[in-house]
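Should a chain be cited, it is by its letter among A, B, C and D, assigned in written order, with residues numbered from 1 in that chain.
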Amino acid sequence: MGADFSADELMTVAAARELTDRTVCFVGIGLPSTAANLARLTHAPRTVLVYESGTIGSKPATLPLSIGDGELAETADAVVPVPEIFNYWLQGGRIDVGFLGAAQVDRFGALNTTVIGDYERPKVRLPGGGGAPEIAAMAKEVIVIIRQSPRTFVERVDFRSSVPGSGAMVVITDLGVLRPDPESRELTLRRIHPGVSVEQAQEETGWDLRVADDLEKTDSPSEEELGVLRELNQALEARA
Amino acid sequence: MGADFSADELMTVAAARELTDRTVCFVGIGLPSTAANLARLTHAPRTVLVYESGTIGSKPATLPLSIGDGELAETADAVVPVPEIFNYWLQGGRIDVGFLGAAQVDRFGALNTTVIGDYERPKVRLPGGGGAPEIAAMAKEVIVIIRQSPRTFVERVDFRSSVPGSGAMVVITDLGVLRPDPESRELTLRRIHPGVSVEQAQEETGWDLRVADDLEKTDSPSEEELGVLRELNQALEARA
Amino acid sequence: MAELVSLDEAVRDLVHDGDSVALEGFTHLIPFAAGHEVVRQEKRELTLIRMTPDLIYDQLIGMGCARKLIFSWGGNPGVGSLHRFRDAVENDWPVPLEIEEHSHAGMANRYAAGAAGLPFAVLRGYKGTELMEHSETLAPITCPFTGEELTAVPAIRPDVGIVHAQRADRHGNVQLWGIVGVQKEIVLASARSLVTVEEVVDELEPRPGAIVLPTWVVTAVAEAPHGAHPSYAHDYYDRDNRFYQRWDEVSRDREGFRDWMVEHLGLAAGSWQLAEQDHGR
Amino acid sequence: MAELVSLDEAVRDLVHDGDSVALEGFTHLIPFAAGHEVVRQEKRELTLIRMTPDLIYDQLIGMGCARKLIFSWGGNPGVGSLHRFRDAVENDWPVPLEIEEHSHAGMANRYAAGAAGLPFAVLRGYKGTELMEHSETLAPITCPFTGEELTAVPAIRPDVGIVHAQRADRHGNVQLWGIVGVQKEIVLASARSLVTVEEVVDELEPRPGAIVLPTWVVTAVAEAPHGAHPSYAHDYYDRDNRFYQRWDEVSRDREGFRDWMVEHLGLAAGSWQLAEQDHGR
């Protein structure tokens, strides 16, 4: 890991790079929102941000603290009721990219955001599915952002909260970038971040991690990427 | 029939009288709209008019010429999309009274607004059901306005476009007022207009018309009723 | 992203013979100018979809553009019959017209299902009506929780959806207000969409009651001032009620109707003199 | 017609022990003041319904008002866990909490079905998820036209729906704008409804993006200025983000939470010292 940027910064930059311009993104709060706005403020200015609170085409100057911040409505092209955002816009097949986080991901991309332990008597009760089950199923591509460790990269999730639909999937971690194998659908390490070894990625995975033959290396965040990202985060902290 | 008012005027006044104040009315264009606005401008000022174009609480100063006149939107408490007006407002059970017209009505209140003759090769193709099938089924009370004759009061309608739901029903004609018998659901003459005989009502009915034992007589339109009605109609003609 | 193009280019690019086409606008913002362009370009074998086939569908049907009509109420509002529609259904003139008939609630829900990416919608309604017996697009459906029987209707997803709106900006974002009808639903339900607008402006200032269709759900925007006449465009012009009343006379007779269309749409006379077949009974 | 009443009177009249109650507002206009009044009046055995149980549900659950929660995402947005919600689910404190869990899309459609008078709604979704196996409120349903299998969810019709809005007029007509969420749906779906408002005004001037709920679909309107704090009311006040962050600390510990509630809601201390049962595992 380089000394000039944090693992979270690298993850966010790697996620932002997945967005091409004019993409319609369904965004959750936190890292996904940061990544989408970073993309919008750097290489993909015409990215369309859709928040599940019903704001379409929001162009916030600063990062929202909640998914329903007033600024998201004020800068939106349209604000629609919540049933409409899920029915006409997400289920209607209009979302190119959905961002998701999770507590656990398994070998085949199932996500757990519900419980650690047993569902009926959980050790840790997590927030639950929220918009994720339908985002995972309906978006043309799903970008999952999750820190990689044997506790998060598990052979079998404690609860299948969301499962990938027919769209593409990419999993971005603090160690690298994974995609499902086109045949077996098994998550495969396709790219590794600067300063990370394949062994390290395998050690932080709860199954026998497959590595692509043509493993690529992630470029370090550029000065522009880091500059914009830090400005976004500083403005966020100042408001919080 | 009295000399001082027409049969249409009497029908409209009789329909308006069926509305009590604070009633929520789902209104179609033509006589129903005239009757509902007459009620609103006389004995029932807080009648709420809902038009199927999505205007809720319209308070037009003059009668609309179409169901979607701009004035209906401008004077409304709310304007909603058409799917919403049918789903949340009509099907949601929020309509007290629905007004309907028809080309034919049968002994048990089924209405035909679709065809005269065979459906596949009609002699006369009528406009069709429009909002009527759901209004008939969902409104708490349905008021049907129709001129009475052997061609309109038929033993069996050529096409069942709309059938009464579980709500109340009243049929207002140029000869009298009919309601379903509480047991048999057969339309029964309950009230007769001034100057009309029971024999006349029976002659103008295509089945053996039942007459209530306690047959009442319709009061002639009052000066106020006729005055307001004629003002409405004159203003309408001036605009047409 | 919507392209800003001319109306004739838009119709040429988006509407093809045999397409299913919905020109929507519930009493307000009826896309007459776009419909006239479809007539001018002599599109044929269309499946026309519209809750309330208005004068514009009477014209399209009378000019032989349609082979099928999906609708819920086919009249001249406040006036009476649509004579060309009746002539087509009753006498197959100028060509036979297949019909698929629903209630307003059914049509609105079919559009909403189309917009929502669902294959069908559920509603209370149609029960006891004869439409149930004459339609392959109605089916009973049982609530899995209560056992109640309701009615299912299939989604409508036109090849082309056409609506009229007050404004668009130069990026192709569309704004409309007043009675909004099913405009949003039909644009979202259609594979391709055309929005004609009263004017293209620099900025869409927010307005009470206005909805915005973002440019990326619209295929083409074409400026067509007065493009909803004789219906109306809220805050632009009123409904031309006299036109609706005159139409009753104009459309009553086949020859008179054709002459009127040739004259008022500036059609080349020859192409419209269809060989008339005797479909009388 | 809605009655204009005080908040304590409204809660007293409309909310009864054992009721199903939805306090809605998606991230915006969350009815905190109304929720606090429910706590003050010591309502018990409630079935609480809300897409995103927020701090207000953490408080209601922690004070022992709820026996069941119907929800789709239970967290402190941007911060982390709802500790009282977790303590109830994980340790049955202060009382056991039954849960009925859905996705956002499922909840939104359940509300919409309730508003539309339908027993169920249909959506794509839930397929392959374990929620299907843990829920009696999810069922497969087959499209009668295409044969495709989708998911049905039952309508939600709360005994009481509570929302916050910016304004009402003196007749009880309600106006709200900004993110409108599911406010309309929950008012229309509920048997009784309470709307708290920032202010009662003489006239509701039309505003861009505003919706109006007519007085005759609302049971009671109560003035509650700042009634959505620490969430926000668009054009009135901003979200109190620091409050959300501080809540993480306040709510982490049972004693500290109770003390905070007693102090901040001005509760009579005695009534809240529930006999604590050992539900630890």
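Things worth noting here:
Everything that follows uses one rule, which is that a contact is a pair of C-beta atoms (placed from the backbone, for glycine too) under 8 Å apart; a residue touches a chain by one contact, two chains touch by 3 or more.
Nothing here was measured: the structure is a model prediction, and the numbers come from that model.
Traced through touching neighbours, the fewest hops from subunit A to subunit B number 2.
If each chain is reduced to the centroid of its CA atoms, subunit A and subunit C end up 41 Å from each other.
Distance between chain centres (mean CA atoms), subunit A to subunit D: 28 Å.
For subunit D, the set of residues that touch two or more other chains comprises 112, 117-118, 123-124, 184-185, 209.
The set of subunit B residues touching two or more other chains comprises 87, 91, 138. Taken as a graph of touching chains, this assembly has some other topology, since it is neither a line, a ring, a star nor fully connected. Touching pairs of chains, sorted by label, consist of A-C, A-D, B-C, B-D, C-D. Partner subunit D is touched in their complex by these residues of subunit B: 22, 24, 48, 56-57, 77-78, 87-88, 91-94, 138. Every residue of subunit C that touches subunit A in the complex is listed here, in rising order: 1, 112, 115-118, 173, 184-185, 188, 211-214, 216-217. If you check the complex, the residues on subunit C that touch subunit D are 117-124, 137, 139-141, 143-146, 148, 150, 152, 154, 206-210. Of all residues in subunit D, those touching subunit A in their complex are 26-28, 51-52, 71-75, 77-78, 81-82, 85-86, 89-90, 101-105, 108-109, 111-112, 123-131, 134, 178-182, 184-185, 209, 232, 234, 238-239, 241-242, 244-245, 281. Put simply, subunit A touches subunit D in their complex at residues 29-30, 52-55, 65-70, 72-73, 79, 81-83, 86-87, 90-91, 110, 114, 119, 121-134, 137-138, 159-163, 239-240.
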